[in-house]
Amino acid sequence: MLTFSRRVTIEWQHCDPAGIVFYPRYFAMFDTSTTMLFEHVLGMTKYQLLKTYDFLGYPMVETRSRFMLPTRFGDEVEIKTTLVEVKHSSFTVEHQIFKAGELAVEGRDTRVWVVTDPANPDKFKPRPIPPEVIAKLTAAS
Amino acid sequence: MLTFSRRVTIEWQHCDPAGIVFYPRYFAMFDTSTTMLFEHVLGMTKYQLLKTYDFLGYPMVETRSRFMLPTRFGDEVEIKTTLVEVKHSSFTVEHQIFKAGELAVEGRDTRVWVVTDPANPDKFKPRPIPPEVIAKLTAAS
Amino acid sequence: MLTFSRRVTIEWQHCDPAGIVFYPRYFAMFDTSTTMLFEHVLGMTKYQLLKTYDFLGYPMVETRSRFMLPTRFGDEVEIKTTLVEVKHSSFTVEHQIFKAGELAVEGRDTRVWVVTDPANPDKFKPRPIPPEVIAKLTAAS
Amino acid sequence: MLTFSRRVTIEWQHCDPAGIVFYPRYFAMFDTSTTMLFEHVLGMTKYQLLKTYDFLGYPMVETRSRFMLPTRFGDEVEIKTTLVEVKHSSFTVEHQIFKAGELAVEGRDTRVWVVTDPANPDKFKPRPIPPEVIAKLTAAS
């Protein structure tokens, strides 16, 4: 399986009046890690990716998360993101955040590859993930 | 069941380069709606609530969401938040976001009532939800 | 002068571990108030505005702010936004946030009306604010 | 003068529907860089710093910024933060963001060292910056 790991230092800006990460910020971290996994495997930035394959992005379809341990500003955590499934026009990743070796947060996201709906420029529609992209993801797994 | 509804206009600041709400922002909206439900029933702000019952908050334990329709800046949506379960020291709420009458996003959160751990001021521990709070939530349901 | 006022309740999500608004969030509030002023005068959402006049937005060129009093979750504040100058392709607004009648924050922003640079789709260039828009802003002042 | 530099990759989550950084996010980056400068010089995290010197933080008093070039997701920028003045209970830092060697954003912030007001736990009051902290900042300059 294809995994991308990075170390992140929790910042003051991520935290709420309880002094811990305001949980929606974890989703922003997961979003960035997902993009970094793609960037790493495909060898281009997301900006280049959107241009190269002429699509709008991979919005979230379904997500779930569990929060076991709080993290706070100054904590250094490890975020591990694993591509667990690639389908025709969607994919699923799982995330784990470790704090001092302990599992603090885990999540699972399914996203869909979309383009502008030609029938209505205000809408999206799913599009097959390009075979070249699938091939590179598979080869890296 | 106890439900709190509000209308929210999606703002430029909520949206990403695809022009739609960056999904972690939905969790911030759900967080606010959950607090507004409590504030409405208990007749005090969260700030007063934390002081009155001397606790740290109700951090997220588990959450899941599904995203059916994108929303974009200028869209006016309705967010309905329902208290579906209250246990000893935790509670569960469900959220639905409607855009022009259609279900756009739904979520389900479980949170736990916590205090500072007397044994370690850097940690939290669950505490029973005060009977008075449970009584008011029950009466309002 | 053209002024737009609104009342905002400070939310948990706006606050940091000191329990007060994390100051970058004030800029997001100012951004929204600026857009609401335009929407109110022009009678359309920003989304419709961008489509109607075929431009990319009005990014910030220069901003300054002073912070006199902290605000915290549960505080209800009033944000007053005044259009103080409209030039060929830029405009300046001033903001004041009042908490219980006292001036808590003030800011001044200059923004420029931009389109995609035809010579380079990755760049912006300033464009004159449409005369119709200037006429409506002037009439409302 | 004491300067702290770091490289930051602009993320999707920082950007708005115009595809560029939503400018309030720059202030969050400046906030983090200011903290990193202190952490670097003092050899402790901000969390430890708040505990060691028993204060609430260094909220913003006054800030101003100019935005010369937009940055977008995938851009790698350099953020340089310089401590330009330390007074009795306040300090001033300047920030510069460079994109491919060009100055994209600059800012100047004045912050004040605060504690809880003993007369009113809901308020702050300025407190002298500890001599030890001033000594280390001076020695590092």
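For reference, chains read A, B, C and D in written order, and residue numbers begin at 1 within each chain.
Heads up, the rule we're going with is that contacts are C-beta pairs under 8 Å (C-beta built on N, C-alpha and C of every residue); 3 or more make two chains touch, one makes a residue touch a chain.
The structure displayed is predicted, hence computed values, not measured ones.
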| item | value |
| --- | --- |
| Those chains which touch subunit B and also touch subunit A | C, D |
| Chain pair with the higher count of C-beta pairs in contact (B-C, B-D) | B-C |
| Repeat of the A-B interface, chosen from A-C, A-D or C-D (over half of contact pairs identical by residue number) | C-D |
| Chain whose Cα centroid lies at the greatest distance from that of subunit C | A |
| Separation of mean Cα positions, subunit C and subunit B [Å, integer] | 28 |
| Averaged-CA centre spacing for the pair subunit D and subunit C, given as whole angstrom | 23 |
| Chain centre separation (subunit B, subunit D; CA means) in Å | 31 |
| For subunit C, residues that touch 2 or more chains besides their own | 12-13, 16-18, 22, 24, 28, 31, 72-73 |
| Graph class of chain-chain contacts, one of line, ring, star, complete, other | complete |
| In the complex, subunit A residues that touch subunit C | 12-13, 15-19, 22, 24, 72-73 |
| Sites on subunit B touched by subunit A in the complex | 16-18, 20, 22-25, 27-28, 31, 56-57, 59-67, 70, 72, 122, 124 |
| Of all residues in subunit B, those that touch subunit C in their complex | 11-13, 28, 31-32, 35, 45-48, 57, 72-74 |
